[in-house]
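Multiple structures are listed underneath, in structure tokens.
Presented sequentially are two complexes of subunit A, the first with subunit B as partner and the second with subunit C.
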Partner chain A sequence: MVDVTDRAKNHKTVGYYPGCALEGTGHAYNRSTKAIASELGLKLKEVDNWNCCGAMEVKNIDPKIQTYLSSRVLSNAHNTDHMDVVMAPCNGCYHNLKKAEYDLSHDAESRAVVDRLSSKAGHPTYKAGQVETIHALDWLKGTIGEEGIAARTKGKLAGLKVANYYGCMYTRPRHIFPEKDQGPGTESTSKPHFMDDLLAAAGADNVDFALKTACCGGAHTLSDSDTSTKLVANILRAAEASGAEVIATECPTCHTGLEMHQIRAEKRFGIKTTVKIMYFTQLLGLALGVGPRKLGIQENISDPMDLIIEKRLT
Partner chain B sequence: MSRSFEDIEARIAALGQGGSEAVPAARELLALGEEVLETWIAARGDVPTDELKEGFRILALHRQGAKGDPSFNACRETARELVYHYNLITLEPDDPATASRVAMMSMIAGHLCLFVGGKMEVAGLGEFCCSSRPVRAGGG
Partner chain C sequence: MPIHEKSLIRPENMKTNDQELIIDGINVAGHWSTFIESRVITDYNENLQDEIEALPGGEFIHRCWQCGSCTNSCTVNAIEPRFNPRYWIYLIRTGMEQELLRDKDIIWMCVSCNKCTYACPRDVVPEGVMKATSHWLEMKGYTPKSPSTIFDEIFSSQVIERGKIEDTEVLTQFLRRTGQPLMQDWLKEIVFKVATKLPVTWGLKSMLAMVFKPKTRDWDRARLAIEEYIHEKEAEHRSALGLNGSHPEHDDHANEWDMRRQEVGSHIDQGDVSVPAGHHDESARSDFARRAGHINPPH
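Moving on, here comes the complex of A and B:
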């Protein structure tokens, strides 16, 4: 198993795997992640010639191909970039790289498939343990931490009521995240708190949010839009009922789903909600004094600018 | 298990509107959550368990429903939040927050109902395709 404590030292420079979503619908997440890295003096070295992690589509057709695709990203990070830590902000990418790591550690058939396809593609086979995959939350928590965030932001988010929404892929299934649930200081798979910790350090007033790990319906978006809309509407209503002004997100799929279905919920079911949806990196960026444009705020469909001005976050 | 998901969803929403006494409402919401999971389990051809996990049948039902389908764990914490709110309401019924807790419990139960309903539709189980099920099961 990877020694997380030792590698935390290396988090000031990490291999950066944005994945497809951050180059498309999650562009603002990409921008804001890079903006806060720059502000905090952290270096993101984009993984050379990266490819799709296999996402949902490939995984549903052939899970071994998904394992190979994710392993190729890790192979490039290790063999081409000489990195031993890869940071993936997207929950789907993070989940798939962790799953590939688990499969290659525990399943001989997965290793055989990855060996064969890597050889055919002409690149070195990735071996389990060569690279540690972390999420953007791990990266900031391990490298800057709450004290560092508090010292740099001086409570800038004070008075902002935030519901932290993690979605379902950041912690599930438990067995692919061996570093979680290891006691104080580690992330919890049942009650995740890293985002809560970081935003609270920046002064945010986190609300008690019962649906913080509930499904956003992302997988149903195309096949059954009404169910997705109802699931999202429920999350939005629950956040508002908890007193939240903003839902902080850390997954581009969840974020896009919340924003799109917020509009659809009103049109289709007459359920109107006004809670804003922002990436946690955008909130931290504002707390660090980065301008809204650099954080891609103008790309948010829920348009939080009035709230940002009201709360004097810019 | 005779009610449709639509009926269950409507009852959950009605309980969240207020007007019912809090403790009976919490009991009914928990029972509705169990009914949703029973429907999922029965549609997959199993007999819903009567066992308890950590003192609650809904948690045992969730564990049973997730067997062989890890993605079902996406509603594990939703079931646990339902239990948490049930405990808050029944242990402290006079708390000033009880009415809002009942409303929140209704949203949580509604989420469980929507999630499981969506899973059943994707899996081609239950009420969504009752005419085709015998064909797919090889019985017709």
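Moving on, here comes the complex of A and C:
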């Protein structure tokens, strides 16, 4: 097992897999990720002719189809783009590529199905180990690190109270993330801290937030909206109770879910919360001096502009 | 339900005289005179565990040793106490089908947060068991297709058709197919909030995306390979459940969850949303694709 950060450290250019969400509802995440990449001198090479990773839905039709869909993305990154690191900012994409990697290195039937579908579809079969999948958090931790962020931002986020929210797919289930829980310096699946580390390096005041890895009900955000609204309302209220002014997110499904159900909680259950919701890349971008428009902040439904002006972050 | 509250005695089997019971001029009504109707379980389904194990996600149910870590960590259990993966795994493993069916309308509510899979010391993958069990209920005809299954089908059919999805299309198709009004109160507010701030070009771009759907190039061979595989698997699963022959639940939306019941003030005015599958060769396509085809017109 190659240490993920070691590979990423040597790569100022990584394969970039935005996925469907970042071209739709998570557009601001895409925009802000690209904006900070260019600000930091990092190159993102978009995976050629990518397809959907399967999200949270295709596995319920057939889990092996999801493995195939994710393997095709990795196959393109390896065979067409000749990349050995793919960075996926979306937790769903990241999770599925990691899951495919795990299945292909541990399960002969998954290998057989992927091989069969790949040859019928007419592209090389992806083989486990050819590409390392990393999250946007791994990417920034590996290439720039806390010292780099601190040096470039000069504590610009000082005084901003942030609740870091990671959601489900970034840490669960544990077995698909073999590089996590490996001691000091590595990410923890029970108490993830990479986002906390990066934002703290930019000066943010991270609050003690108990629901970092709670579920927002993203899988049923439309099919069982009341359940999702209850789960999100719980997260929003816990963040406010711990003193947070903004919830930092690193997943388009979580982010959209928090914003949508913040409104729905007020409409349907009379639960009003005012905490703002922003992608961590937007917060880092502001800390690096990138303008709000370039970070897509006008697309945030929770409308954090007043807070940004109040904290002199523009 | 906490394990210590589980008992063979059910409220509906208790016979009490709470109202009035006069004996020798004295009202002796009350719980002291409670009788419990005896209940004998005779209708075991000896194949129940095998059937669940034959469906994706259910493969490892036999590993369970009933520690309860899944229910203890469960996101849904915290807001719906009847949602109890440990108990359902117990019922499946002991073949108590009738008992399992008492909870058939909530098993689909699993949100796939994987806290159970994380906590499970035996790698049962309870999240997978929940999915397998909801599919089993639908395939056997015990429940209509859940909103979650309808969403999965709409989403997956777009991925299989074009390689990518388009958010707006998934949203509108789902609301239509479940009979909900397109203009939800929360959705109106979101559209209003965002529309007033975004540049005009953004709106144009998203409208273009709705007309010219995002698509992976040279996808057709992948689509055919996926459809063929799904078709094979479907046949395998049906045969494992002893369901060879007709597919009555596939033909229309009659066997689907009706969300209109839950939506106050919504109207049943969406009409027939089915669109003919068009010029595709029906015989070459899987049941799944055929089912999905009418909500996803080819272009």
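Convention: the second predicted complex is superposed on the first by the 309 of 314 C-alpha atoms of A that agree within 3 Å, B and C clash if a C-alpha of one lies under 4 Å from a C-alpha of the other, contacts with A are read in each partner's own complex, and residues count from 1 in each chain.
We take it that contacts are C-beta pairs under 8 Å (C-beta built on N, C-alpha and C of every residue); 3 or more make two chains touch, one makes a residue touch a chain.
In this text the structure is predicted, and so the values were computed from the model without any measurement.
Enquirer: After the subunit A overlay, clash or fit between subunit B and subunit C?
Expert: Clash - subunit B and subunit C, as placed by superposing on subunit A, overlap.
Enquirer: On the A-aligned overlay, A:Cys168 touches which partner chain: subunit B = first, subunit C = second, or both, or neither?
Expert: Both partners, subunit B and subunit C.
Enquirer: In the superposed model, does subunit B or subunit C contact more residues of subunit A?
Expert: Higher number of touched subunit A residues: C.
Enquirer: Could you say whether A:Leu211 touches subunit B, subunit C, both of them, or neither, answering first, second, both or neither?
Expert: A:Leu211: touches subunit B, not subunit C.
Enquirer: Quick one: classify A:Ala241 as touching subunit B (first), subunit C (second), both or neither.
Expert: Once the two structures are laid over each other on A, A:Ala241 reaches subunit B alone.
Enquirer: After the overlay on chain A, which stretch of subunit B ends up in the same space as subunit C: 9-17, 63-71, 81-89 or 99-107?
Expert: Of the stretches 9-17, 63-71, 81-89 or 99-107 of subunit B, only 63-71 runs into subunit C after superposition.
Enquirer: Pick out the shared contact residues on subunit A: the ones touching subunit B in one complex and subunit C in the other.
Expert: 168, 172-173, 214-215, 217, 219-220, 223-224, 227-228, 230-231
Enquirer: Considering the complex alone, what residue numbers of subunit B touch subunit A?
Expert: Interface residues on subunit B, with respect to subunit A: 70, 73-78, 80-81, 84-85, 100, 103-104, 107-108, 110-111, 114-115, 117-118, 121-122.
Enquirer: Across the complex, what residues on subunit A touch subunit C?
Expert: 20-21, 23-25, 49-52, 54-65, 68-69, 72, 113, 116-117, 120-122, 168, 171-174, 189, 214-215, 217-220, 222-224, 227-228, 230-231, 259-260, 263-264, 267-268, 298-299, 301, 303
Enquirer: Using the touch rule from the top, collect the residues of subunit C that touch subunit A in their complex.
Expert: 56-57, 75-76, 79-80, 109, 111-115, 117-118, 125, 128, 131, 135, 146-153, 155-156, 159-160, 163-168, 171, 174-175, 178, 185-186, 189-190, 193-194, 197-199, 202, 209, 214, 216-219, 221-222, 224-226, 228-230, 233, 288
Enquirer: Please name which positions on subunit A make contact with subunit B in the complex.
Expert: Within the complex, subunit A touches subunit B at residues 168, 172-173, 190-191, 210-215, 217, 219-220, 223-224, 227-228, 230-231, 234-235, 237-238, 241-242.
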